[in-house]
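Presented sequentially are two complexes of chain A, the first with chain B as partner and the second with chain C.
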Partner chain A sequence: MSGLATKVPGVAAPPQDQQARHRSAITPLGFGVPAAVVLVAMAIYPLVVLFQMSVSDVGPSNIVGGWSFVGLDNFAGALGDPETWYALWRTLGVCAVLLTSNLVLGFICASVLAEPGRGSGAVLGLMVFIWALPPLVSGSVWKFLLDDSGALNSVLGVVGVGPVPWLSSPAAALWTVAGVVAWSALPFSTLILRGAMLAVPKEVLEAAAIDGAGFWTTRVRIVLPLLRPTMWILAILTVIYAFKSFDFVYVLTEGGPGSSTNTLPVLSYYTAFTQFDMSTGATVAVLSMVVVAVCAVPYVRRINAEAPQ
Partner chain B sequence: MITAPQRALFAVVKVVLGLAYAVPLAWILVTSFKSTTQVLTDPNGVVFAPTLDTYREVVGEGAAAIVTSAQISVVVTVVVVALGVPAAFAAAARLSGRAARVIAIALAGLLVLQMIPQPMTVIPLFSVLAQWGLLNTLPGLILADVAVMLPFATMLLRPYAQDVPRALYEAAVMDGAGPWRSFRSITVPMMRNGVFTVASVVFINTWGEFVYAINLLPPGVVPPVSGLLAAQNTTYAANWNGLMALAVLTSLPLVVVFAISQKRLISGLSLGAVK
Partner chain C sequence: MRSRLPVLALALLLATSGPAISACAISSVAASSPDTTVLTFWQYYDGTQKEWLEAEVQRFEERNPGVEIELVQVVGSQQDQKLLASVATGTTPDLFINNIVVDFPTLVAGGVMLDLTPYWESFPDADAFPDHATWEDGGRIYNLMSYTNLLGLYYNQDILDEYGLAPPSTLDELQAAVETIKADGRYEGIALSGAADVEGAWLFAPQLLGLGIGYCNLAESAQQVTDAFRRIAAWRETDALPRAAATWDQNAAWQQFMTGRYAFALNGNWQLGNVKEAGFRYGTAQFPAPPGGRSRVFPGGEGFAIGSKSQHPDLAWKFLEQLMSPESGLAVYRAAGSIPLHEQAAAAPEIREDPLVAPFVAATRDAAPWPNNPNTAAMQKALGTAVSSVISGEQPPEDGARDAIEGVAEAREQGGGGCA
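Moving on to the complex of A and B:
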């Protein structure tokens, strides 16, 4: 791609073209206007409203308007509520599981599936198909499989283990949900890492082989360092994903049992839509976005650094 | 070098992975062919007389939901591509000075928009759509979906727009083509692969989207696929065969999209997603 990106050397523009050039430098931006209009109306304006809600008193009776300004009361309330903090720790727990799975398991799976060999294509195709299925579908089947009298427990029963209360015990539910989320995210990270591995120059790998390096030594000592930029971006995307992850919790536990799987997005959603406390829901959302924004800074920097012109 | 034990290890990893993803898929299919009595008495049995009864029960509901979802997903995909391709063309333009800064800021904005969780944007959207009289309407839901998919689609399309050789544009300018003509006759045809990949991803994501679908549509209207599945999840938690048969039916259109686009999806996503 970078080969194409270099400017084609041409004849110097004659002076009368100067104005045409100037004009053509403005017009491409015009093509972005329709998209910008839609995004300002439907994405940025709602964010402004979200912010407004977090500093107002919004309940079921005044969802549309007529909000009274309450300053930072909602924030004081949310930060003073231990449930908000528990939700943050749970979100970070999910985040840790996802990071391990996406980076470590993803690297191993990508290493294996990047090798041309029997079944690689089929396994990859299957994984990407699962990734394409609606989370409601893949989540529902896990809910069935992980039920107290579900298939997994009945298999474990045969070997004399369990039944394990995967989703019904407050102690296990969060980790079970995190595991299912990790399962659903692994195809994407495998695909990304595999793509990056296939871009590693063959000569580098051949040189390592000539020096007598084994497969995993080459992976860890040579491929891993070359993949560092991709791994970083994947790590940041994973953190963001953990803070967004809602679908599987909704299907598997709806935040329960008790509040044991209430992560930040789940807490914010249920506060707003089942307790109809819109302003507290909005406040939790704003707080959670602050965390995401902290991750966004290195991500935006890296993306902009990766694509110089 | 790859040794024999190495090869065996690869095989083990592939088998484990294959099973981890094939078993849940198979379980959906198996359960959908069980009768309700079968599921109630022996939910985990693998030996049973397959029946189409469950499908007969849910096919009406499922087909109606597929029609609603198809309307939503097709419109969203078309609108996102129609807005995203020109936006990617603009974002890929090599400009200098203030215009370049505008692009950099817009790109950062697109990245940030992708990070905002939907369960959180649905809170203000509820109020914004109500203000505009679009709450509980199909156009309202479609607009909300477009706004979610557009930043991601534009970012994914941008590398394809950047890959269009400069020389073609310069030749077009020589021939007297204006920007609109260049865009239509050069950019759009050259980006065909990217458009195809992005359209598939947008369609797939819109099909599965449910946070907006369950909150922004009126109760009583035929729900889209995700709304129907979400309702099953809360109401008949034990009707596993019905749920799985619905899951199979409502995923059939996705199977078609996936079958057509699989190759380009795999290559397009591995190259474009991280850029």
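Moving on to the complex of A and C:
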């Protein structure tokens, strides 16, 4: 705030004041330099290379340089390949499951856990634990549980339900994987929504109670509309998360059986790093990024709108 | 402000020099004394194979004072990317292993490997190795194999005895045996990897290789390819092959066999050490031959190469000579069950007279050649995806065969069109 000194007309500022003003103008820039360097090195530069790859012909023989420019040929090739479109639909399927889970189940869980109690604390602790688990670890555990002869099917067998091909059936695998991804994302959405619920003024809830509204009526009719901005942001973050979800698919099915769980990130990875068709892999990644960028615009707008002026 | 400048400068220096520092750390290892020469060796072994390599390094260092070999553990699936990048920075390792099934065409096309032809031509034991021990591109040798890993058939002797069955030598016999066993409903049929990647392709290919069909002539043999896909679809429909095999890698398939519920497993000789832990009697046989054909599989295993930017290629070759020796070949057999390719080692009584190993040794004599195309990995991925989709029921066998043929042809074309 010292930099906002009031200027008095007709009185020249002393040289020391000018230096101080100059310093205070430069200091924030100085603080920003390391962050800017890291951002350029770790995010901007790789993005530039990714875009460059997507408009070049890059294979194993020229991966280190000498890329020839091919314009939009790679995009035409990727968009003309039915597998890209199948992968997009699968990604949208995962996205739909995640949205349902994060918004509906997340709201229900948050409503229950927003109530004080020992049980709530324990469940919240467990959720944080699940959220913090590396996908490689939790994914491997789920793979074991969901195997055709795994623990889940053994339990189902006890109650007379035949083994369900959770991961081995092309019809079920995508939804199973989406379910596991949703399971891992649920704690995050619950914690976010619970935090927003706790910020709802108590007077509003008390007024609803005086008017005779029950617990769920209050949650749905009073709290839910108040959470709408948070829900919007959560929905956008969920879409972004769905379009970059790779680890669980890789651990659980590696894109199979067949190509039934080949989502856009998985397709991009296998094309680039197994087949070494870097150009197409980069192109698919860029196409995914376009979707994410479209979602990021309203997200940034909302964040800016909610930031204190 | 004056006092902050050096801090900012240091932060900038660290941020900008980070990649360079990490690159140096991986490509050049500090010698323990000024007179010591250090060779870097990138490898992704674990378990018994790693123990074998560490013992070889120790033996080499004892025989060659002043030379150290620094083993750098690399994640196998990331090694190709790192090696390709190391060419640009001139920091290839002195030595590295590579999976010949997927890595070699990519690495040789990327200029990662040193031409070993002059070394090999002056190697006294060169004649003691079969042709597939050397991996060539354009008539030049870039990769050497001291041992090989191949596929074969494992069977549960207890189950076969229960039904009075002999180990099958053909796919038809295998199918008949499995039908007999499955009819009783107490045991499962075949455990194999049908994953939608190179592993699924690797396990499926022998059904065609024995008929003289490989990646290079898939399209010309569409009927036989379709028949092979129909066979695995039939295995699936009769429950001889579980649907879950569509997602099993070779380790997962092996774990299923080791439960004792499966009569057969198609897997590699690297499981010979693990099979000793089975709670049942077992045996091995060559991969069952397709109808009208012979038993034939692709040779697998790791190749050894010298980095194209190595500063010490002669020393690196000296270590490769040791790895190619009969002593080293026997050592890798004892440690990991891998089949040595040096004729002297392969003829050792402990290998020749072991009935469990014999089928794999026999398979080395007639191993199928790999296609010579930088897109071999993509060709395998296309075949593996089709295999997985048919096993899982995602596609009928006819569509799977068509997709496999088209996918392999497309990958081959993208790799320049070459093959044989």
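Operating definition for what follows: the second predicted complex is superposed on the first by the 281 of 309 C-alpha atoms of A that agree within 3 Å, B and C clash if a C-alpha of one lies under 4 Å from a C-alpha of the other, contacts with A are read in each partner's own complex, and residues count from 1 in each chain.
Everything that follows uses one rule, which is that a residue touches a chain if its C-beta (ideal position, glycine included) is under 8 Å from a C-beta of that chain, and two chains touch if they have at least 3 such contacts.
Remember, predicted model here, so these are calculated numbers, not experimental data.
In the superposition on chain A, A:290 makes contact with neither chain B nor chain C. In the superposed pair of complexes, A:257 makes contact with chain C only, with no contact to chain B.
After overlaying the two complexes on the shared chain, residue contacts for A:38 are found with chain B and with chain C alike.
Residue contacts after overlaying the shared chain place A:61 against chain C, while chain B stays out of touching range. Once the two structures are superposed, chain B and chain C can be ranked by residues of chain A touched, with B on top. In the superposition on chain A, contact is made by A:282 with chain B only, not with chain C. Touch criterion not met for A:159: it reaches neither chain B nor chain C.
Contacts of A:137 after superposition on the shared chain: chain B is touched, whereas chain C is not. Touch criterion met: A:30 reaches chain B and chain C at once. When the shared chain is aligned, chain B comes close enough to touch A:191, but chain C does not. Across the two superposed structures, the residue set of chain A contacted by chain B and also by chain C is 26-27, 30, 34, 38, 63-65, 147, 149, 254, 273. Only residues 1, 4-5, 7-8, 10, 20, 24-32, 34-36, 38-39, 42-47, 49-50, 53, 58, 63-65, 108-109, 112-113, 115, 117, 119-120, 122-130, 132-138, 140-145, 147, 149-151, 154, 183, 187-188, 191-192, 194-196, 198, 209, 214-215, 230, 233-234, 237, 240, 243-244, 246-247, 250-251, 254, 265-266, 268-269, 272-273, 278, 281-282, 285, 288-289, 292-293, 295-296, 299-300, 303-304, 306-307, 309 of chain A touch chain B when the two sit together in their complex. Residue ranges on chain A touching chain C, taken from their complex, read 23, 26-27, 30, 33-34, 37-38, 41, 59-61, 63-65, 147-149, 165, 167-170, 173, 253-260, 270, 273-277. Interface residues of chain C facing chain A in the complex, by the touch rule stated above, are 1, 4, 8, 11-12, 15-16, 18-19, 77, 80-81, 84-85, 87-88, 102, 105-107, 109-111, 194-198, 242-247, 256, 374-375, 377-378, 381, 385-386, 388-395, 411, 414. Contacts from chain B toward chain A in the complex involve residues 1-3, 6-7, 10-11, 13-14, 17-18, 20-22, 24-25, 27-28, 31, 43-44, 83-84, 86-87, 89-91, 93-96, 99, 102-104, 106-109, 111-128, 130-131, 143-144, 146-148, 150-151, 154, 159, 162-163, 165-167, 170, 173, 179, 183, 204, 207-208, 210-211, 215, 225-226, 229-230, 232-234, 240, 243-244, 247, 250-251, 254, 257-258, 262, 265-267, 269-271, 273-275.
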